[in-house]
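Before any comments, here is the structure.
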Amino acid sequence: MSKSDDYEAELARLQLALIGMQKKAIAEGWQILAVFEGRDAAGKDGAISRITEHLDRRQTIAVALPKPSDRERSEWYFQRYVEWLPACGEAVLFNRSWYNRAGVEKVMGFSTPQQQEQFLRDVPAFEKMLVENGMRYAKFWLDITRETQAERLKARSADPLKAFKISPLDAVAQEKWDDYTDARDDMLTRTSTTEAPWICVRADHKKAARLNIIRWLLHASGDKTLLKGVAQPDPEVIFPFDVAALTDGRLAR
Amino acid sequence: MSKSDDYEAELARLQLALIGMQKKAIAEGWQILAVFEGRDAAGKDGAISRITEHLDRRQTIAVALPKPSDRERSEWYFQRYVEWLPACGEAVLFNRSWYNRAGVEKVMGFSTPQQQEQFLRDVPAFEKMLVENGMRYAKFWLDITRETQAERLKARSADPLKAFKISPLDAVAQEKWDDYTDARDDMLTRTSTTEAPWICVRADHKKAARLNIIRWLLHASGDKTLLKGVAQPDPEVIFPFDVAALTDGRLAR
Amino acid sequence: MSKSDDYEAELARLQLALIGMQKKAIAEGWQILAVFEGRDAAGKDGAISRITEHLDRRQTIAVALPKPSDRERSEWYFQRYVEWLPACGEAVLFNRSWYNRAGVEKVMGFSTPQQQEQFLRDVPAFEKMLVENGMRYAKFWLDITRETQAERLKARSADPLKAFKISPLDAVAQEKWDDYTDARDDMLTRTSTTEAPWICVRADHKKAARLNIIRWLLHASGDKTLLKGVAQPDPEVIFPFDVAALTDGRLAR
Amino acid sequence: MSKSDDYEAELARLQLALIGMQKKAIAEGWQILAVFEGRDAAGKDGAISRITEHLDRRQTIAVALPKPSDRERSEWYFQRYVEWLPACGEAVLFNRSWYNRAGVEKVMGFSTPQQQEQFLRDVPAFEKMLVENGMRYAKFWLDITRETQAERLKARSADPLKAFKISPLDAVAQEKWDDYTDARDDMLTRTSTTEAPWICVRADHKKAARLNIIRWLLHASGDKTLLKGVAQPDPEVIFPFDVAALTDGRLAR
């Protein structure tokens, strides 16, 4: 059996476990929330689409918010995100999220340092509140090397079907690699909490990353019966947050 | 080259044209709205996912509403759908829609005959208003034979990954086939208008159906430059609404 | 007994009848909707506050929408209003409404003639839909003479407590009196329908106008038992829409 | 000059200062938020209506939410309130608020002790976040004696115009007076913070209470220029939170 067949078989097993998770969520009124952050081209879209592929379309929402309207910009920062939080039985996956404020906004100067600092102080309290009120919450940081990113951005720009994945910010991603690294380290360090730890995923290998993300999502649901027959996340590929390991943008063993 | 390769190549061509469409929509402020209706297992999910696959995630929404809340049930019937209509630059695809009232609700008695009758009188005026205000609107009816449906429902029930596609209503779909046919004929006849004609798609062959749906969606955008190099929809597979052809549930040539 | 005592006594009687109306609305699931339009300074605010004064605060909403956000401006025109339509048991009163498009927007050129024309074609269909779906709907036009308006605007500008009632458009109200008259006549003529007739109220005498508005609102609820002991609306002061009578801005007998 | 004239004159002065406050709010993008809590019949409605009387109707909202829908009940507790938070330039006044969970829900058992405990832990963090993000926030507790409440509830039940102010919970308000006292003490003690202190207002004298509430609201805006010519809040009538003074339900001097 080829490597690719292995992947497909394992993906199917994990997707079945996700189905089991959602059935429990519906039966017992869980609210499931996941946030996907990471470098440009780290594989957020692909991971989300594997997770949602076989879930209930009427109770699963992948949220990728457009730019805020003028009214939204004049509201409390979290307000437009709160509107999308899951009700009981629902699963909501944010493709980028409130963490924009600590990432792209910081690197590009789209908000003030005061706003970014305030955000970093708010987010642990905000997420703690959600978790203590019963939300089953997982937040993922997908990490890739500079080389991987360069390759993927180049491949994208050569593929006309990926036109909407290309943005003027792509060039910046490479150029300001170190600024993004600094922003990431600051964000991960200050917002990884007991209630809402960052799950950092090495995503240079897309398929391995996807499998590990699903495994961690199942773990984060907090229900051990869902993990029967599910392999432990591969420590080569995924690990609990370790800032030292991330500092230079290359994930240590 | 195999048939399957042909399909992939043509799909890619059409998806490129969809990207062109969305670029125009963003540049010129089009609002794009599409509604997907059809028998259970007719292929709505698959068609939608091919359309959205490469579109801009932040300006494309596939809407599959859950059951209405108690408050929504006490509002004007269209209210909870109106909330999701596209702003300029956006594309919204409804996976089932307000037409529930004329389909499943009629067959299953989930609303009163008076409500269903009122709906059939309202919908042409409602859609006319949207279209005359500039919305680019396409509504698709995906039609399959009773045998195709039986096969697909059977295949689903054998596939644990399709657990969320199975519902207690599936058995009813076959059992009440003729009631659904009557409801469909009534709905199509009364709600196909100059401004918002039904596009009926023979969907027994999934791949052919998907290609034809995308072709029609491009046509419905009203911009001929988008159709350059796009094949005419296959008349064997897709055709303008013809009630006589549909009456017995088998699409006539 | 003084005239003022008469007014207070009659107002209390009518407010009691409104309480009766809302109790029925809650018990039987009515949706109550009223729209208040009219010249600047015609008395819309005062009329609305007398109607809502003793109603249930949790099921009565007076809606005075601010300028649309940039997103709202790019949506279907009616969308931001639809969001506020009443659920069963609720009463919603619009202080100015979608009719802005046919009034201030026309006179001031805030939208295109095409948009205004489209609006005038849409509104009868839109309101018909609401009414046929069971909404109990009344729309009021409060009319005053040019002299009354001049006096009231002058009094406002002398009263610092009315600072928020003053706008740069006030001067225009007098200056473009005839343009507003033309817009009004066009709007009333084209949007007064069997399902949703305009109720035109002579509002030069505030107190008489308020009493008559409440009487008409009770009539519009369609429940005759609510009208027991309620005087007929005074034909001197209030009358069914008659375009001839309104043409020169002075209400004919 | 009579006492009543004094009240009217002072109310007008304070309402003028509120107009000044809102003009600043609009010019400088303040978000103004006020919460009104207190015993049944403590005078919340009356206070709110004096505050809003001359403010800009399009940027001022008095929010009195109905019972949550079934969907809202299954969301994060604060979610349906967050939707109503003020944008820049707006003033939002909650007539009862999220504090229901610590008051009526506790006394009547409408939620679980765990939910109530969680709420008391969440609210300081939630409000701190709003305030640190720039919201100008004031929360008022209106306190009356048991005798005052008894009189007012009796007067209400004799006045048919107050039908919607009467509820089955009124009898309970007197009967469970001590339970409400305990709930209040617990709530005030645990949720009065540096960022969001409770402003406790003796409200046995309605007019004095209203004047003091407005004075405190102006103070809470944080802009001293608005306080020119505004009398200090009367220490006999209004005072910073002092749990000892409140313990037996009679406000100490």
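In this document, chain identifiers A, B, C and D correspond to the written order of the chains, with residue numbering beginning at 1 in each.
Assume a residue touches a chain if its C-beta (ideal position, glycine included) is under 8 Å from a C-beta of that chain, and two chains touch if they have at least 3 such contacts.
The model shown is predicted, which means the values in this text are computed figures rather than measured ones.
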Worksheet entry | Chain pair with more C-beta contacts, A-C versus A-D | A-D
Worksheet item: Farthest from chain B in C-alpha centre terms, which chain would that be?
Response: D
Item to complete: Report same or different for the chain A and chain B interface, where same means the shared residue numbers exceed half of all residue numbers found there.
Response: same
Response to the item:
dist(centroid_CA(chain A), centroid_CA(chain B)) in Å evaluates to 31
Discussion item. Averaging over Cα atoms per chain, report the distance between chain A and chain D in Å.
Written reply: 40
Response to the item:
When centres are defined as mean Cα positions, the distance from chain A to chain C in whole Å is 50
Fill in: Shared interface positions of chain A, touching two or more other chains
71
Worksheet entry | Residue numbers on chain A that touch chain B, as the complex places them | 12, 15-16, 19, 22-23, 45, 54-59, 62, 64-67, 90, 95, 160-164
Worksheet, complete the sentence: The residues of chain D that touch chain A in their complex are 29, 31, 71, 74-79, 82-83, 85-89, 118, 121-122, 125-126, 128-130, 132-133, 135
Worksheet item: What does chain C use to touch chain A in their complex?
Response: 69-72
